[in-house]
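My questions will all concern the structure given below.
Letters are used for the chains, namely A, B, C, D, E and F, taken in the order the chains are written, and counting of residues starts over at 1 for each.
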Amino acid sequence: MDSVALSTFASPVILFFVLGLLAAFARSDLSIPEAIAKGMSLYLMAAIGLKGGVAVAKSGVNAEIGTALLLGLVTSFALPFAVYAALRAFARLDQINAGAVAAHYGSVSVVTFVTANEMLGGGGLPVAGYMVAVLAVMETPAILSGLLLARRGSVDTGQRPGEMLREVFLNASVVLLLGSFAIGFIAGPQRYKDVQPLFESGFKGVLCLFLLDMGLIAARRLMATRALNWRLVALAVLFPLVNGMVGLIAGHLVGLDGGTLAAFAVLCASASYIAVPAAMRLALPQADPGIYLSMSLSVTFPFNILINIGLIAAATRMLG
Amino acid sequence: MIETVIRKRIEILADGPLVRRVTAAIDAAGITGWTVLPVTAGSGRDGRWHEERVTGADKALVLTIASADKAAALAEALAPVLTSHGLLLTMWDIEVIRGERF
Amino acid sequence: MIETVIRKRIEILADGPLVRRVTAAIDAAGITGWTVLPVTAGSGRDGRWHEERVTGADKALVLTIASADKAAALAEALAPVLTSHGLLLTMWDIEVIRGERF
Amino acid sequence: MIETVIRKRIEILADGPLVRRVTAAIDAAGITGWTVLPVTAGSGRDGRWHEERVTGADKALVLTIASADKAAALAEALAPVLTSHGLLLTMWDIEVIRGERF
Amino acid sequence: MDSVALSTFASPVILFFVLGLLAAFARSDLSIPEAIAKGMSLYLMAAIGLKGGVAVAKSGVNAEIGTALLLGLVTSFALPFAVYAALRAFARLDQINAGAVAAHYGSVSVVTFVTANEMLGGGGLPVAGYMVAVLAVMETPAILSGLLLARRGSVDTGQRPGEMLREVFLNASVVLLLGSFAIGFIAGPQRYKDVQPLFESGFKGVLCLFLLDMGLIAARRLMATRALNWRLVALAVLFPLVNGMVGLIAGHLVGLDGGTLAAFAVLCASASYIAVPAAMRLALPQADPGIYLSMSLSVTFPFNILINIGLIAAATRMLG
Amino acid sequence: MDSVALSTFASPVILFFVLGLLAAFARSDLSIPEAIAKGMSLYLMAAIGLKGGVAVAKSGVNAEIGTALLLGLVTSFALPFAVYAALRAFARLDQINAGAVAAHYGSVSVVTFVTANEMLGGGGLPVAGYMVAVLAVMETPAILSGLLLARRGSVDTGQRPGEMLREVFLNASVVLLLGSFAIGFIAGPQRYKDVQPLFESGFKGVLCLFLLDMGLIAARRLMATRALNWRLVALAVLFPLVNGMVGLIAGHLVGLDGGTLAAFAVLCASASYIAVPAAMRLALPQADPGIYLSMSLSVTFPFNILINIGLIAAATRMLG
């Protein structure tokens, strides 16, 4: 294994996540107030958005960015189809639940991306700033394909389409990520200096505390769920592995490399547990949150953080 | 003695993303207002949840006061969503002061 | 079977700065206690508001349990403020255990 | 007209550390679910308190809907804790839609 | 236009405010938990209080401070009379609502002051530390004049006068501003060093996130309000322009100059949307919050942040 | 008096505590949202845990640590017996309330420790990193002795013993303190650098705001309490004095010295107002929180912060 993978378990960021998992499994009453957790997630998104925008202001806009954005859009839209097929065939999930779960795996997890960013950067694989924009555009196309799959080709949600589209394209994390990306880009490196202490020096520490909370939430949900069976758990490990490799190959083919390639693979490997569940509550209320949240949050998320980011980093090094 | 009138009090427990739809139904039923209360944890047939606004797994309690007619109309209007989206609706009689508002 | 008695439950929705005045009225009515619940959003004749503690535009729900007599006295005492400050007061009968406290 | 059935609504105010015990009693009574609401301040015979989660001096309101039988069983089960731990339990009749769940 | 005004729209602080406005107008569900927003506003007040107190500990107490404090007191008390007259004559507002609105314009907005402080300091117009104390004393006299106007010369509020006075003189922001000002003054530059990282390095970043929230709140209120008409909107733009010029002239006459003069003008131009609304709920419940909050928060506040601070900076440079 | 004691009242940390006390006594409505206060206390615990663990990773594990941990365990278990006797004899408290109060004085206050750490370190008496672990092990043994005393030798709590033990040994602060101590130890000084800006630079500033809140809470509780009488107040001042001296002598005998010895004495002098009250609600509901919280939080805590830490520092210097 690779130095990134090796040093993973001695990094405070990962250790706090493990502490959260262990504390919840031991049924400790440790918990972080909801408002604080929400505040930290807003902070993390604003910070990576800004940082990405400033990086692009420095490096300039180029064709590679367009390619990556397009690839992101296509992948997010396409991945759910394969995921859906596996869920139907192997886990024998009904159409609605399979569609809902598929949407989660096509979309992305912001925290997985942020953690990968830190670990890759620290391991000599720096990630291009524009990947924040790729992250943002990959959040929502999967929702559309998930709905198409769940509803036999119709995305009619019984609600005003405007509400659904707003929910999808103006959801909080997309707006905040793209908004602070734009702010970083407009302000540029010089003016960014003023706000750098908060958004850059504090970043890793906040990530520690946020992952502590994510560990608590993931483990508590896992213990409370009645919806998982071994087939679903197996798929929740397989999806990030396979999707990560798909991302690695697709990214390599269009010319991404190094940390940027690895980050793209991580995006493909990650599953949403914020934006997509909220959309599913509205559009597919019959789907069981016990299934999709437990898979994405309690199995795939820890697997990505603890193991898969390291694997992807190793595979990237082999490629380049 | 202060005069009171009898009205219906309706409370609806809904997933966070659905609250907007519930309040829109209240407005559509011609009821003068509503109030949202936070909830922090719960348990039902779908298992437990605990203040996880991070994962969107939050709920809220929408409370509204209306005449019996409007309350019935609201219940009727919400009935399909109640079943499909697993909302919880409870309703009872209360006394209010200055009841002409409702 | 456990013994229960009938009491009044009163809930008053008030602007944040007014909560202190409502609880003072409850204390003055000789009621043994009260409890405050947070509310996060609402809509009424004056338009909508949403958890804006920053601008002081917050509200709270004060809940108190009392005998019918004391409840009536409280409603009477609050009546002028109810109208002038747009408070919302609802009241209904409940069963309580260990009712001698109230 | 939508069909409603009559059920009991029970609300229990408990100290934070005791909430787990109250919900366990609800589960044990065979009731399908419960919901927890935050409370921010209060006053009783033991004096006042104000959202001090830091000192563990917090409370919460547990709300559950059940048939009259189960509600009575729950009240019975909680009675000793009610007295020893100073819980506040109120109960009243409500109408619910899709009452077969409860 | 002036460099301060020019660089305004590329500063992250302002851009986050604009992001909040745009997100709310587009009906995004982006929002910052109330507890976080409250926490940030407490942080900002403690930070400017401390900084001001330390600055005065360095520069020493002098007669200028006394003059500025007195001028602040008088202006805050006097401005509502002119504002009231305009509201009655031009917008035909009834006496009670006119009195309530007038109180807001006599008082001040802490966030407008903080933002001006950053922009002026960055634009070569540093503000004297004691202006924090001026800010604090200007918060409340306007409440008295507003009540006098609304109640035809009587401030009887139907409540125990003690409660009203406490509300006015011991309200949270006055206590925190003056308290941390005193702490900064007592501790002095040397002991301030220990807490400087939190209160100084993080300051601009927190201001960004706080203004993001203010943008969301201001725009959402504007869209929901039914209480504004064009006359009220026009006055909500005119008041900061005129009051700012009044402040500039009055400050100039008593000998203020540079950033300190500009900051005083900004205080006059700004309108309260925290302390005064809370006081009005208690003392003038018949007044419509839809009017006073929409004017001060949704029109005057953005106008000051986006345009008027730049204008005042330019005018100050012309004076000196 | 000693320089530590002298400079106490000019330190921002202490001044913010005093501001909180004064604001509450003056009935200002200043308050810090509960979620923010909880978040700050989690931050403070994670930060001292990390720092302690990193320090031990640097200094290495040695026999002194084992001695100190053992001494901590024994003292926390033993102190309640003396406290109980005094409460029964002098304040004539009934057995249940005396047992509950005794548990508080055997246990420790995290914030008192943190404040002492800062003040001692700043006054030339640096505290060994492992004292964080001592702090954590001293939190809970006193609960057992308190229950033994309150229940005439039986700790049967009428609840499943598992629940009680979990409450005691896996309570949030023990888990977070020991967990982040372990993380700091595993990560070591090098990897700690990444998270240092958040956890170290911001520390004193956060402590200021947290103590502001503690001042508000302590004074408000003091004003609202009906449970205190002069005998209880006298004991709430006497206990920290005597327990501090007991800690100083015991620590000196086993070979602790300098800041480490002083910190141990402060732990003995301090009384819990977080972990123990929560345990008492469950296990001794008949005990009156008005008594134990008012004594530990409203009398002993301010006395320790404002006076006793300084006295202990002076006594330590005399010893060594």
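Criterion: a contact is a pair of C-beta atoms (placed from the backbone, for glycine too) under 8 Å apart; a residue touches a chain by one contact, two chains touch by 3 or more.
It should be emphasised that the depicted structure is a prediction, and the values quoted were computed from it without experimental measurement.
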Contacts shared by chain C with chain E include exactly none
Over half of the interface residue numbers used by both chain A and chain E, so same, or under half, so different? different
Rounded to the nearest Å, the gap separating the Cα centres of chain B and chain F is 45
Compute the distance, rounded to whole Å, between the mean C-alpha positions of chain C and chain F. 38
List, in ascending order, every residue of chain C touching at least 2 other chains. 37-38, 40, 53, 92
Going by residue number, chain F touches two or more other chains at 31, 33-36, 38-39, 167, 197, 201-202
Report the complete set of touching chain pairs. A-B, A-E, A-F, B-C, B-D, C-D, C-E, D-F, E-F
Which stretch or stretches of chain C touch chain B in the complex? 13, 37-45, 59, 61, 72, 75-76, 79, 82-83, 88-92
Using the touch definition up top, name the residues of chain B that touch chain C in the complex. 1-2, 4, 7, 9, 23, 27, 32-38, 60, 65, 92-98, 101
Give the list of chain A residues in touch with chain E in this complex. 33-36, 38-39, 42-43, 46, 50, 166-167, 170-172, 175-176, 179-180, 182-184, 186-188, 191-192, 194-199, 201-202
In the complex, the residues of chain C that touch chain E are 15-18, 20-21, 40, 46-48, 50-58, 84-86
Residues on chain E engaged by chain A in the complex (per definition of touch): 7, 10-13, 15-16, 19, 22-23, 26-36, 39, 122, 197, 201-202, 204-206, 208-209, 212
